[in-house]
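See below for the structure under consideration.
Each chain gets a letter, A, B, C and D, in the order it is written, and its residues are counted from 1.
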Amino acid sequence: MSATRYTYLGPAGTFTEAALRTLPEAGTRELVPLSSVPAVLDAVRAGQAAGAFVAVENSVEGAVTATSDELVNGTPLMIYREVLLPISFALLVRPGTSMADIKTVTSHPVAQAQVRRWLAANLPDAQWESAASNADGARLVQEGRYDAAVAGVFAAPLYKLDVLADEIHDAESPTTRFILVGRPGRVSSATGFDKTSMVVWLPDDHPGALLELLQEFAVRGINLMRIESRPTGEGMGNYCFLIDCEGHLSERRVSEALMGLRRICPQVRFLGSYPRADHGAPAPLRPGTSEQDFADAADWLSRCLDGRGEL
Amino acid sequence: MSATRYTYLGPAGTFTEAALRTLPEAGTRELVPLSSVPAVLDAVRAGQAAGAFVAVENSVEGAVTATSDELVNGTPLMIYREVLLPISFALLVRPGTSMADIKTVTSHPVAQAQVRRWLAANLPDAQWESAASNADGARLVQEGRYDAAVAGVFAAPLYKLDVLADEIHDAESPTTRFILVGRPGRVSSATGFDKTSMVVWLPDDHPGALLELLQEFAVRGINLMRIESRPTGEGMGNYCFLIDCEGHLSERRVSEALMGLRRICPQVRFLGSYPRADHGAPAPLRPGTSEQDFADAADWLSRCLDGRGEL
Amino acid sequence: MSATRYTYLGPAGTFTEAALRTLPEAGTRELVPLSSVPAVLDAVRAGQAAGAFVAVENSVEGAVTATSDELVNGTPLMIYREVLLPISFALLVRPGTSMADIKTVTSHPVAQAQVRRWLAANLPDAQWESAASNADGARLVQEGRYDAAVAGVFAAPLYKLDVLADEIHDAESPTTRFILVGRPGRVSSATGFDKTSMVVWLPDDHPGALLELLQEFAVRGINLMRIESRPTGEGMGNYCFLIDCEGHLSERRVSEALMGLRRICPQVRFLGSYPRADHGAPAPLRPGTSEQDFADAADWLSRCLDGRGEL
Amino acid sequence: MSATRYTYLGPAGTFTEAALRTLPEAGTRELVPLSSVPAVLDAVRAGQAAGAFVAVENSVEGAVTATSDELVNGTPLMIYREVLLPISFALLVRPGTSMADIKTVTSHPVAQAQVRRWLAANLPDAQWESAASNADGARLVQEGRYDAAVAGVFAAPLYKLDVLADEIHDAESPTTRFILVGRPGRVSSATGFDKTSMVVWLPDDHPGALLELLQEFAVRGINLMRIESRPTGEGMGNYCFLIDCEGHLSERRVSEALMGLRRICPQVRFLGSYPRADHGAPAPLRPGTSEQDFADAADWLSRCLDGRGEL
């Protein structure tokens, strides 16, 4: 039944599935892998699934633009949950390759920077070549162009490669952020540690609009967590922005800021308020921007209208 | 009876009384002149009068600080009306002085600038000396230090001087702004052409607070009409600000801005929303800041909370 | 000779003279009291004195507008020094009055707030009446309207009153700030603890100009110390602003900000950079706004233009 | 010889080569296709080529992140030229496919939106399926999953497909922006119609830094043309920004803004000032931000330091 079905970007056995299974309800859902981000999300749009689970960004590779574009265009969707999953870098080779066979290694340059010390220690004589992405590097290994690729272990089955060494990154793991997306519905209650996502389109003839838009957040003490530009499809130089900010739509500082965006921008698409997956304390609020400060100010205003502002 | 009594800064026969008499209800009120701004306002505070009428600023002399300090300190008051009255410059002399007798003329330097052509034509040989204020110049004429003073005609009776020539300013008249003040009460309805007055105290340890405060207005497209600093009495370098802005407290852009001030500032004193006395069209609103824009954004926000933001 | 003459606002024996005598060079100058602020400053303009010494603001009474207007209008002047002098509140009476004779006391309301505890302890039965200013209160005592005035001791000789009790303020003394003004000349070197004064006129048709102007300071991390509005004389609602900010014109953050004002505003009058009279450490600079940070950034820019930005 | 060699992202025969050939000097250069963006740029870094030519963004697909990451990371490079080339959408099929054979069509959803009317008129019964990118759609056609792909004609040879119909987009063509990159060198002269590119890293512990950074541009009246966020590789939530703004580093408004960024940000990488490829008039400057305004303000400042600010 669609009410218990979640689609996700397949194939089965990847890190996406592993991330999805961290959701408490995953055990009672039918988890259906599909082959493209649009297909995963269209299943929700069409009512064939209650939720769709896709990657939205990686701390090394950046935004998953296929996901961004689906959130921006077409029938609106809403984000209900996010999951952060650390991704280990591994050394991937064609089956049968041993360390001694490796003369060339490829990866995205950012990944190379993160495994430099491991490579120097373990493959001091191998030559490194850059690839457009880690996945592309894995593909080039599959095609025989290079001997080994540095990539996430999840890439191994996709390109029929073996994991010769895992956890080879010098420092902290790169992380991928996934979201659970559904049809728009009532926003769930604030947990006190939430984020809010939206897409905004800037007015045409207004060069300072991006600054004004950021000021709607700043004046209310709301920190931005992420801003991603995407072309609107209306010609070079026209962008919309996917924005994640701290806080929940039911908080007055957030709702006031979003109403401000709505007044400035020709279009704003609210993408949901949902619990943050990063643990630890929220950033301290700027003085005067707590929910209680907003409530107190509203009470004071009511009293002012009645001539009792100073009581 | 106090309900029908208005106090004003006397003596009778000055421009203040003339300004007060422009109010429609003046004919049915008992108009009581008192000798100081504090006395005029304390009569209202004590319930001995329903309204108090005092000057608040002059387009040449600037703020009437006695009025400002009364609005800032002590039992709160509210402004219900404002009146603008053009003040003519006149040439004041001791009784018996003729044009031919005038060897010296005094006034505030700003006033001198406004009558320069008249003086050159009519008193080409008289020497001009600057005074600390026009009233002070009139006093110095009374004391015999100078032969003539350039001042408002209302100053003549105060200093027992005669008006030798009136309307002697080269260009436009200077203007005085008066306010009708009462005990705090329910704010009357917006007329569509209103202003709002307040006093704000800045937080102690926050150098950028004045800028933040102005941004609360700017982000909502509200023009400031006047800002006056006054010492708080807590040591050199500590100021509060009397601010007049466009709009009425019942408009959402104004109420949101004032709530913003209330959250930033340790103290905000609302001084009233009342009809503007200057005629002509209000300044055009910045796009996205009309009352309708605010109402539409609030509707949209409600729909977002229900998952219907795009309907 | 004019080169060794300083004029000041007289009469002799007031706090202004006391403040002037705190300047190291005062002992070798001819100190000439004059009867009005314009006269004091015009002596400098006319080359009859090398310096003019006048009060510019008081921590209780606010700005001395006669001084402000002279700095704003007429032949330009420059500020070279400032002096802060604490002013004691005293109880002034007509000669022969004793404590037991005092039934009424008057003063400006702000002064009353500062001596409330002393009055409660020493004159529990006397009735307090507010005056427009402390000086005006003293005048009303001279005229016999009240029995005692709370005012600065310097007011006693002016109004032929006696000091019945001195230092009667409950907390800290009020302070007056004086400035030494001269004809415009080369700005002296920075001391590391300076302030800069200026007058700015806002563009006519630009409601957000005050905010833009403050942003020229904020973006460069410069704290404002004082902002005072004065009417321009061109009709109600038109103001110029006297601004004091931290720092010295020879510091790049300050010179860049002033050039920014100059580009925005139809007129900017530079009034001088001079050592601050308040002791203690300057406010900590915002990161990235020290003189060294500006110099480093300029070096980097030069390297960028040569293609060596990253060296 | 390297001095006459330009590398570009191959293979030969694509739109990249066509764009490169629009450069006047292309006829006298050895044009060398290489197989990845890193390889193209590393040839310049290694001194094996004088210039490297790569796509940087597309008006439909967005940023070419491989190019962005090369500009951000590794040995610094500089941009010397940009080229805009309109890209036609075409209908790509496996050799031998006719219109009548097409039951399924795929593409990126944004592309689908741009050819909707053409598809409705020419393939009314074909089913459309979304692909992660147009290139990916072409690959899926090559693999036999779909019958036809909507993509740029340049994709046809890459996936061994035929162009069955060209110029099928309903409205304006999508455009790709290419850049000519070289080793850092002296910035060429301003043409009066330039842009400036840079990468900025935000300070760690400073939530409002993005806003401050945009204010460095806004306060000097500089319009932003593009802002793209990329992960820094230092963990989820850490981004740097590639920014294109109007103007040339030799203009004072631009150099002042970049020095401002340099002071705020732990790292700024200047990527070059070069002529804009879009034709038409530059956006009108905000009053007070022209080169002449900056020069006048600097002159005034020099006079102020000498006491001649008002001359």
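Just so we're on the same page, a contact is a pair of C-beta atoms (placed from the backbone, for glycine too) under 8 Å apart; a residue touches a chain by one contact, two chains touch by 3 or more.
Remember, predicted model here, so these are calculated numbers, not experimental data.
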Intersection of contact partners for chain B and chain C
none
CA centroid of chain C to CA centroid of chain D, Å:
55
Would you kindly tell me how far, in whole Å, the mean C-alpha position of chain D lies from that of chain A?
23
Chain D residues counted as touching two or more neighbouring chains:
215
When you check every pair of chains, which ones turn out to touch?
A-B, A-D, B-C, C-D
Of all residues in chain C, which touch chain D in the complex?
76, 78, 183-187, 203, 212, 215-216, 219-220, 249-250, 255-256, 258-260, 262-264, 268-270, 287-289, 293-294, 296-298, 300-301, 304-310
What does chain C use to touch chain B in their complex?
36-39, 42, 57-63, 65-66, 69-70, 73-74, 84, 108-110, 113-114, 129-133, 136, 172, 174-175, 177, 207-208, 210-211, 214-215, 218, 223-231, 233-239, 278, 283
